[in-house]
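Each structure below appears as structure tokens.
One chain, subunit A, links the two complexes that follow: it is found with subunit B in the first and with subunit C in the second.
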Partner chain A sequence: MKGYILKRVLYMFITLFLIASATFFLMKIMPGTPLSNAAKLTAEQEAIILEKYGLNDPVPVQYVKYMANLAVGDLGISFQYDGRNVTSLIMSRIGPSAQLGLQSMIFGSIFGILLGIISAIRYNTIWDYGATFVAVIGKSIPSFVFAALLQYYVGVKLQWFPVAFWEGWEYSVMPTIALAVFVVAVSARFTRTEMLEVMSQDFITTARAKGVSGFAVVFKHGIRNAMIPLITILGPLAVGLMTGTLVVEKIFAVPGLGEQFVRSITTNDYPVIMGTTLFFSFFLILVILIVDILYGVIDPRIRLAGGKD
Partner chain B sequence: MSKREDYVNDELFQPAHISSEKSETIAGPSLSFWKDAWMRLKKNKSAIIGCIILLALTILAIFGPMMNDFGFDDQKLTRANLPAKVPGIEKLGIMDGTDDMGNDMYDMKNVEEGTYFWFGTDGLGRDLWTRVWQGTRISLYIALLAAAIDMVIGVAYGGISAYYGGRVDNVLQRIVEVLVGIPNLVVVILMILVLDPGIISITVALTITGWIGMSRIVRGQILKLKGQEFVLASRTLGSSDNKIISKHLIPNVMGVIIINTMFTIPAAIFFEAFLSFIGLGLQPPLASLGTLIEEGYRNMQIFPHMMIYPSIIISLVMIAFNVVADGLRDALDPKMRE
Partner chain C sequence: MEHILEVKNLHVSFDTFVGEVQAVRGVDIKLNKGETLAIVGESGSGKSVTSKSIMRLIPNPPGRIKEGQILFQGKDLAQYSERQMQKIRGSEISMIFQDPMTSLNPTMTVGKQIMEGLRIHQKMSKSQATARALELLKLVGIPNAEARLKQYPHQFSGGMRQRVVIAIALACNPKILIADEPTTALDVTIQAQILDLMKDLQDKTGTAIILITHDLGVVANAAQRVAVMYGGQIVETGTVDEIFYKPKHPYTWGLLASMPKLGASDTDLIAIPGSPPDLSDPPKGCPFAARCPHAMKVCVDHMPDATEVSGTHKAACWLLDERAPKVEKPVEASVGGAR
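Take a look at the complex of A and B:
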């Protein structure tokens, strides 16, 4: 297990290093200039600005500098917000995104798991078909379509919740719902499969045979065992939520990391794009690593079989 | 009871004639794997409906833009922002060219009598019907592209890695292990920044990232298969590597390949629409469903029709592909059935 973790951590750093390098060099060959009014500047002014941001150095020097700064967590200085440090910019933006992500993860998975359990214990009934239908719809309709329709019908027409911005808990309701739909769909489908699998095992038959009540069989024996593999979908869910925040934050004007990322792409703000890309990658790789390790820790069968490797 | 015994007596019964020939005959036609799968798929109502929807959408995507005289980039500001109006259906009170307040916009804008925009027009007076189907073409192109990448690169990479094993496998798998850690979104966005936004950059980005999942699945399957006796037998009989791969291994993993491809397709379609929505996809005047939804979203409060039709179409495309994928999974691999 220790060797496995070490190996995975090593790969994580190699991957991050490659992403950082690729991001850096791609940014260098990207079209467009960070100077918004390049035509109006004199050559001297331009030189001063380029000097200030270290854009005059040869590319390899810039690369080494960037990597050295990265190692100590310094992601450079934003072009768009005069002199703002990218690390602090990300930190100031992370709050709303993290809140939305956590809320939709928690509410979405609770609802999804319930839906999955219902359709598994009421297998092939109207309940099952209904839950499956909800899951297919939730998985199919793109998050931005759902978010926009939600904003129009619930926000503008019914006026139940504020349409946009970020000024209190009620502002987080609609973005959370828009993000959670995907979580509900994925976790409901997964729970249903796992639950059906577990409920057909011998130990469930044994439990029923010795007279355990139906309720206890489902909750004590069924759900506990079905929940274990659910950890594995945390990784894909995190990826999906991250993609979702980009559009959902844009639609609901939430001052989060996703909205910032989309804006920095349109304004050619290289350091912010690079920084956010790296941050996203680091976060996702970390989540997947933790999920894999947790899975081995929680389910002894996997450890005994020599890990997932 | 006694009554029944009266007329059900031993005389009614005769011993069955047991013929040794007949007991050996095969009653039903023998089913190949694919026939069996097809029979299971036919029974799955939702999958069949999904297939029909896909077929209809494909036909409309091909012929839809030709069904009226408006080009996808014919601008005319005098007929901008018109709601949908369809002959026939207009009498039912929906899609009759009136806005929320019930004003006939076609009258107000002095549009020639007898002109119908089936999905309405956008802010520049372009026909949305034509543009929506033009956009559906993009989505279907992405679907084909994603499927091709999965089937060609993914299968070849995974197959080679597993079949040759040893050092080849080692090198190829180390590369995958690094690549798999990189979020798709990051690669796609970086590629699109370097190339100009558009269909080419989306194609390149999908080619770079699209095959990794498939290659891992195919590798796992082939590793399992290649140690089995029928492969050994074939090799003993002198089959070449190519023949073993193409005749024995690939047909045996075909089911898994198809299932996985079908699940990649909606993901790829979503990705294109998503990128277009955040402004990294197709550029005007070209239309994809993502850009149409984005345009519609900006005018949603005043002209909801601009948002609604492309949203319905993309949702239909996604639902149809997902449902067909589920059906195929159930049909091709009963063990994986949910």
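Take a look at the complex of A and C:
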């Protein structure tokens, strides 16, 4: 197991290196320079600034320099925020994004899994149709529509929660719900399909023949065997939510990572683009590793295969 | 003799999109204490549905018990609620299933699966249940039981898994054990071991066994009495000797004739021509009439009543009527089969 994790961590660094390289060159192909929007600069001033940030060097030289800095953990300095370190910039923005992501993930998956289980054990009844309806709505209508509806009805009409900004926990409620709708839909659909499959298996009949109650059959024998495909999709979904969901953050004026990422692209703020991309990739790979380890925890058959590796 | 289980006129139907399928149509079974009763029949004859109905494990919907009684120690299980049945299942009546590869939970240790029933029914503490599980594993002949207890089903071979399934079923000393084709999915050598084990355990515990099978070789070796099922009905019932040496129903003749015999060449494999009746539209008369070489006009229109051949032997066939022509069993069936 230890050897397996070590190997996976090594792969993780190789993957990050490849992502960093690809992003770096793609970014250089993008039109414009970081100064494209600053119309008031003279050609001379521009040259001085480009020289100062090392943007006049040939691209391969810039690449080697960047990678050398990256190797020691230095993500560079932002262009748009005068002299601010990219790492601290990301760290100052990750808080709200992570909180929203985590909250919507926990709320969404618990609610979705319960909905899916109800669908599966009340298969082809009004309960199942109701849950399926909720899931289809949640998956097909984009989150910003829910966000706008929530703002208008819950925020403006009912005035239960603040409409926007980020000044306390109550400010996180509506964006969390708006983000969770999709999570609910996805996990409900997957849970339903998997539970239907699992509940028709022989070992479920064995458990019932032992005198295990219906509730315990579902929760002790059913769910665990339905978990594998579920965590496969929920893991990466969680990363996406936690590292910032642009539209919802924008609508609720949440100072999160997603909002910053878009601004860095429109202003060609290279170090921030690189930093955010790498940060996101790092999280994604980490979560995939955790999901792989979780497979083994959930299913002993996978655990052994990994152990021999 | 005291009956521990008596099934009376059991009708089980499934409501499907093609209409009602009458899987079991008026089955009567009597099971004595400590005996082994084999229910024999081909696929779709209703033998598994009958056994699952006794445990009330038929999913409802689509399945339902339409009519009849399932008397266990004088109480009608057909009227029991789900909660009442949960107390019976695993403690009074247990079941083992056909395929040991799929009948154990892959994500739970074998020990936990054995202990589960003990903790529910006998309210054992964890250490008591562990001790009993250990004892059970030894009883069913699994070596190195302490280590095996903590292992998962995929670490066991098919035969070993079936031993675990038996250990689970016998954990709470049930009065009845229903074995639904317990050896069908196993190698022939392992089949013999499992049957011997079941016999051995029956001698020790006095559990009555209902053995569902389509393998007459298994029946000859393991059972005292046999019920032959066809088209959702029991067509003949008797002791093993009566069924093998003095069978009265043409379907039983066919079953016995289709047993492969030692020394016969491949071309001698005999089959009963035709296929079982469609139970969504069951025949009015005898369900076997369409395939029976001795069928008469009356067979098609009227279902024969069971005729008592001896105190233990009954068959439902018009040939046993005094007005019918004398037809004898065509070929001498040999006893023994696969073992």
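By definition in this document, the second predicted complex is superposed on the first by the 270 of 309 C-alpha atoms of A that agree within 3 Å, B and C clash if a C-alpha of one lies under 4 Å from a C-alpha of the other, contacts with A are read in each partner's own complex, and residues count from 1 in each chain.
Criterion: a residue touches a chain if its C-beta (ideal position, glycine included) is under 8 Å from a C-beta of that chain, and two chains touch if they have at least 3 such contacts.
All of these numbers come straight from a predicted model, not from anything done at the bench.
Visitor: Quick one: on subunit A, after the overlay, do subunit B and subunit C clash, or do they fit? Just give me the call.
Guide: Pair status: fit.
Visitor: Is A:L41 touching the first partner subunit B, the second partner subunit C, both, or neither of them?
Guide: Neither partner.
Visitor: Can A:G211 be said to touch subunit B (first), subunit C (second), both, or neither?
Guide: The second partner, subunit C, only.
Visitor: Angle at subunit A, subunit B to subunit C, CA centres, as a multiple of 10°?
Guide: For this superposition the angle at subunit A equals 70 degrees.
Visitor: Pick one for A:L50: touches subunit B only (first), subunit C only (second), both, or neither.
Guide: Neither subunit B nor subunit C is touched by A:L50.
Visitor: Check the residue A:I273 against both partner chains and state whether it touches subunit B (first), subunit C (second), both, or neither.
Guide: In the superposition, A:I273 touches subunit B alone.
Visitor: So in the superposed three-chain picture, is A:D299 touching just subunit B, just subunit C, both, or none of them (first/second/both/neither)?
Guide: second
Visitor: Name the contact category of A:N225: first (subunit B only), second (subunit C only), both, or neither.
Guide: second
Visitor: In Å, how small is the closest CA gap from subunit B to subunit C once the two complexes are overlaid?
Guide: Result, nearest C-alpha distance in the overlay: 5 Å.
Visitor: So which bits of subunit A does subunit B touch that subunit C touches too?
Guide: In the superposed arrangement, which is not itself an observed complex, subunit A uses no residue for both subunit B and subunit C.
Visitor: Taking the complex as given, what residues does subunit A use to touch subunit C?
Guide: Contacts found on subunit A: 201-203, 205-214, 220-221, 224-225, 298-301, 304.
Visitor: Give every residue of subunit A touching subunit B within the complex, in rising order.
Guide: Interface residues on subunit A, with respect to subunit B: 11-12, 14-15, 18-19, 22-23, 26-27, 29-31, 136-137, 139-145, 148-149, 152, 156, 189, 192-193, 196, 239, 242-243, 246-247, 250-251, 262, 265-266, 273, 277, 280-281, 284-285, 288.
Visitor: In the complex, go through subunit C and note every residue touching subunit A.
Guide: It is residues 55, 57, 82-83, 86-91, 94-95, 97, 99, 102-108, 116-117, 120-121, 152, 154, 165, 168-169 of subunit C that touch subunit A.
Visitor: How about subunit B: which of its residues touch subunit A in the complex?
Guide: Subunit B reaches subunit A through residues 177-178, 181-186, 189-191, 193-194, 196, 266, 270, 273-274, 277-280, 293, 297, 300-301, 304, 307, 311, 314-315, 318-319, 321-323, 326, 338.
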